[in-house]
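One structure, pasted below without further comment.
Per-chain residue numbering starts at 1, and chain names A, B, C, D and E are given in the order in which the chains are listed.
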């Protein structure tokens, strides 16, 4: 319930439309799948609607100037200028400086009006412009005559402090943010859903003169941004490693049904992660194999390096998924072990006392002629017999391994 | 039972021959598979029958004029004329207006006589004509010299109000309707099983002058229709999301065997959905790669967009199927948890009372020489012993986690 | 046992060598796998034997004339002659009539002597001749210089009346018959294991003058025969649909181990069916792609239609296999549900009566000083206590959902 | 234990190095996997050792003349000479007779010295010579300039008489023998591990003049040997069919844990069989597609026939594996059925007697004022009540299907 | 805990950064997954960092001379010189001797400074240099203009003495060491993580004059090193064979939950092993198919031999994984067998004694008129009845197979 409230709120304040998997809680109170549904719900306004971006309501009205943040960095090997855009039309109209080799414009969040302005100035395809807007898209590359269009996703695992041992995975949310890049000869335009800090190290590296990134063109900048996004998956995977380790402990100690639920949530999140990383691998591969010269030969070995990383990520995800499957088996085994233990207690109790109860019943019978009843030492004798029988039974169960051994 | 009645009725009033999966009820009273069987039963009149449409009984007799609805829309960028056909022969004989760039004829439902008339006028292949008639066909494209033949399916999930928590998926029926399209240079002919409202948004868009759809040819119209059909899958998927979420709740709270049945029904429906969407992906891809110029370069980027959507749909279906598999595990776990709980109650009851019963039996024995029997405080003392023993046992079970903890 | 008797008998009367899967009984008294074994046992006389047909004992001695049935149909568009061959040598020696466009010779069953005669006259490869004889072969096409060799299998599900609810699938036998075809320019030779009635509709269609089949050549006849064989799978699949539906009912009502056995038998039969239909798909595809002109362009669209049918069959088989897998899960769940129910009864009985028995034991003790024993209303009071305690326990179990609810 | 003894013994008497899967016992006393390990243990002397055969200790010292058996058969269409080689050097030095078209030399077992001698004379690659020696190799073909090198494996299932019903598969051992063939224009050299009788039928066929095998060259002889090896798999598969059938009976009647162990052993053996047959399929296919003319066009259709057989074998193995999987499910079901039965007995016993015991306890109480105790017919009346209650309970369980029905 | 301590320690003493799977303990006290996580944790300093090796802190400061071991072997067919490098700059500056055909330089462990020096002298790509440093990398080949770059991994299973039967796999650690090779015309540079002894046999072989390895170039040396690495997997596999065998014994005798955990650990380790061997297969294949002449035709058949070995290793791993899966089933079955046994004991005890207890209760009733109570032989008679009933019950259970039979 609070989920829907959050969703509707966010659609005004921050553009989080379709932030697709926000809702897969790993475990705990709200075992809902709703997060997966929102992914589709907001994909398109409705089936049969007009394609393209021009017809969207907001596309023709400029947004409040402080709700959108447009930054640019102009640089060449030995000069750098950064700025923030307030008057978009003036900014687009002004020609590029002579000295710059690369202008990187970053827009966050992507507003229809802004996208449309850029579309008109840089002549994107209307569908590319629409895809910047409509979230989520699968990561992909599209080659156009004078530019490349790349869609990527940044993964993030939002992890709250677990409140108790059972809720180990409760507050995990696998979040993903969409990033769209347009690569021109001198200009790289990036649209980010949120002004995250994934690219902050790149911005820092750009500050130094004469480093490799300053000496190369837009394609190397594209590589650097790609590399930052891909490498950002490693800490996410580490967090999953932690979650799996914790789940393993809980499975062995306290196999409740919530734990299984949690294991399945992790499995699904890993499947989702894989579905996002796999096309990113293809994106990198397509860029590597691009043959129109938009990616220079200098940059290509670096792309190959990123490619190796995507493969590593996919392999780690696969091994985590196998671990999660192993945990399911372990869980099932732990549950049936517990059952075994319960049955053992019952059987031992019943097997020891049922014969004894029979015997005390025998001497509770009211037959007139029962010689034992009048014997002097009958009562102590029968207690001895009880004790011996109990010891014999317990020894039998001990030998069967039901007592004392694990 | 009522199902068969419905089927036989429908074969007269509305042509619903082979509406293939109507009968897969998700859950509830009639756990029948019959819907799957009807799919095959009505496929062909009988093995070894003549191929082609000419020989079908109804092919030569015109149907009642009001049982079939033939509409046409003629348009160019700035002119539009819509109409409904009553005299088919006259309509076909009349030449196309000079000004029109596209004529879209929509026939619903496909009657053998009408198909045959069109076949003769537009020179379809007799097998294509037969495929319009015989339902269900797999989605596919066939390229002929002067026209394209496309078969598609529109998915629909008919969802009734669930009567109680157990029947959450009872009234779901995955319905699919077949659509056949013939693409000529200026004419697009579509046969719909039922005059559904999937294409209503397209008809509305056509009303406006100078929009993109009016400025382009039949290939763009084909794209628009395709896009509407593909996007229509998203709401269907959303409904499955709701069903899965509800099933998850029921699985955790009340894991009856009907729930498992229901989960399997959902799995099967998703498998069916996948089997229908997957070839639609191929259809879009084939149209995209078509090289005879029947699909213009302007339209192709739009087809690529549709292609991305089909991939997204397939991915969502896959993730839903994994969720359903997860639910099966969850169900099994919930069932064995319940068993565990039952065993715990039995074991605690038995373990607490069996020793006590033994002891009361001891003092029910009739031995002459049992000193305790005559002690003054023996009876209160033994009650104290009973209570202490019970507390000890319960403490033991509490420490084992069988009482009080979850 | 009776199985082996049948097999040995059949090897004399009717040539049923290797009728491969005759023995997979779905369920019931004889849960044997022997049928699968006979498949291999009779494949070859022995490893290392001579290849080819000339060396087989019967290849040089003519069979009894009435044990083999050789029919021919000569036809062109407006003339038709049918006949039965008694003198094989004379028949082969006589040249073809001038007017005929197609001669279709059908031999059943394939006898080594007859095969050898045809081999010598039509110059088959000796291995092709051997494959006509040795059963079962995988469906396949072989292209020779002047003829095509096609091997196919006709599926049949022999279904006896089920005697009781448990034996629902007992009397099902998946039978398959091998058909070999040699396609020449004017002659089509077919060898059938049994003179079945799968092709009767084709023979009937041939009787009419000027129908499409009469106006085309041997390739169209080949298509018609293929189409009849492929379409013959649909009723077989329908029967499996019925069996699955019945099994589902039995699984839910009475999950005995025989039901599981039966489900697995159906699964295996479907797997077998798939293994036979899949190469038939390839056969049709290969014929469709054949480029030597032996299959005319007129016939090819018809072959494509058959191809679509084979794909549909494979898809239906796949969905049936998934259903059978679902039934296995359902079965397991029904069994553990039953266990749950048994445990519930035990637990309720024990939990209610064990405390009561303890209390009656207490007042059966023989202590001298038990004040309650002498109270006037102690006995009625204790009965009230018993009843209240029982009600309390039952209420507790009812609240837990073990009584009264499903 | 006896296993290791056998292994060490065999390493002296017969060269059974690496006979890889000898040790997979299907079932019974020694449930060891050791057989699988020996496979690897003897693969290479040690990592980092010299490649090639020259350096092996025995390569330069001739073996005892009677420990190795070298036979040759020289033949053309109408002449044949067989012999056994005693003086290897002289034999190799002597030129081939003029009249012969094919010389077939068979060596068994492969001794390093002999291999080395042949290597020098026929100029094999040193690695090929090493592969003859080092067992096991994967079946494969290698093409050299003037010869072909083929490695194959002959499967054999050594089946002892089962001692009791549980040990049905105890004494099965899947044995495989390596065969290496070198194909030259006039000479075919074969190395067999053991002088088995798989090729005896070929030797017999060679005795007759003017049969096909005598009229063709080394390639046809290669085909005949291949065919014998491949067809030798069919009896092995039949034996597995018998084992599976027997296991099915045991599973239904007496599902002990050894049965499951046995099923898994069969599964593993079938997997192993598949791993050996699959590359043999590739070998045949490669020979069929060989284009240097070393395989003549006459022989190729025969190879295609062998190819079909390998596919049939793989398909049968697959279906056997599915059967084995089905048996696992059946086993699990039989076990839980047994559990159900045990629980039913317990529940019926407890449910019938616990209430009765309560009642007798009631009348064992020592209250002073219990009017029933003094009634005249109380005792017979309570017996009637006991009997009626028991009948009611039994009727209840009978209606639930726990008694009397299956 | 001790794990982390070890990790942090090792980062100073020996460069074991990212030794990836050190922590997968098979079984026992510390069931942690942490080892898997360390794999990723140390992969990169942080996302967005500078690519290349120049910027690493240690790259410009020479390490302590005794912490790194650089050896070289110069050889031609008849001359050999080995040495250890102390002054790296002088060593690199000195030109190669005239007589040498191959110089093999081995560096261990790879220190940034040393790598950087070699990078500048031999002109590696900066990313290749980085990959030598950053561990783990996937095995792969990269082709550059004048050199090849190969990354491989050496597997090692560190096996401690198992302390008890349960801990059979406790002390196993699958360790992997990274090796990087640069192949030039006359020089082969190898970087090893640890100066292991995998290549010792190669060094020994190099000592002999005129052996094949001395007569060939760097490519043959590369092959020899590759071969040693690949063959080193066989003993690792053997150890897994031992572990599996031991686990099988434990599973049958004492199926505790730790055993299942252990089985899953083995499965994961085998999966990991496969993930490492599979790309090594590709490496060998790529080298085999290399067409620039850097691998000579003499060496290629040897590479093919290595390729066959990698395939064998993958097949053995696959069969081990299937065995591990079989063990999981076996485990589950052993657990439920144990449950069955427990239930049997309970049921037999309860079923025998509950009726007896009922009867003794009957004669403990206090009715005044119970004729049996006064009979003379009633007490001995009832004992006879007890004994007979017990025998009857035990006979019944024996016939059901619950007693005495297995």
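Going forward, contacts are C-beta pairs under 8 Å (C-beta built on N, C-alpha and C of every residue); 3 or more make two chains touch, one makes a residue touch a chain.
This is a predicted model, so every value here is computed, not measured.
S.K.: Can you give me the shortest step count from chain A to chain D, moving only between touching chains?
M.R.: 2
S.K.: Copies chain C and chain D touch; is their interface built from the same residue numbers (over half shared) or different ones?
M.R.: different
S.K.: Using mean C-alpha positions as chain centres, tell me how far chain A is from chain E in Å, no decimals.
M.R.: Their C-alpha centroids are separated by 28 Å.
S.K.: In whole angstrom, how far does the Cα centroid of chain C sit from the Cα centroid of chain E?
M.R.: Centre separation, chain C to chain E: 46 Å.
S.K.: Which positions in chain B touch two or more other chains at once?
M.R.: 332, 336, 339, 343, 346, 350, 354, 357, 361, 364-366, 370
S.K.: Graph shape for the chains shown, where an edge means the two chains touch. Line, ring, star, complete, or other?
M.R.: ring
S.K.: Which of the residues in chain A end up touching chain E in this complex?
M.R.: Touching chain E from chain A are residues 198-202, 205, 211-212, 224, 227-228, 231-232, 234-235, 237-238, 241-242, 244-245, 248-249, 252, 301-302, 304-305, 308, 311-312, 315-316, 319, 322-323, 326, 329-330, 332-334, 336-337, 339-340, 343-344, 346-347, 350-351, 354-355, 357-358, 361-362, 364-370, 401-402, 406.
S.K.: Can you name the residues of chain A that touch chain B in the complex?
M.R.: Touch residues, chain A against chain B: 31-34, 36-37, 39-41, 43-44, 46-52, 125, 127, 131, 137-138, 140, 142, 254, 256-257, 260-261, 264, 267-268, 271-272, 275, 328, 331-332, 335-336, 338-339, 342-343, 345-346, 349-350, 353-354, 356-357, 360-361, 363-366, 370, 372-379, 382.
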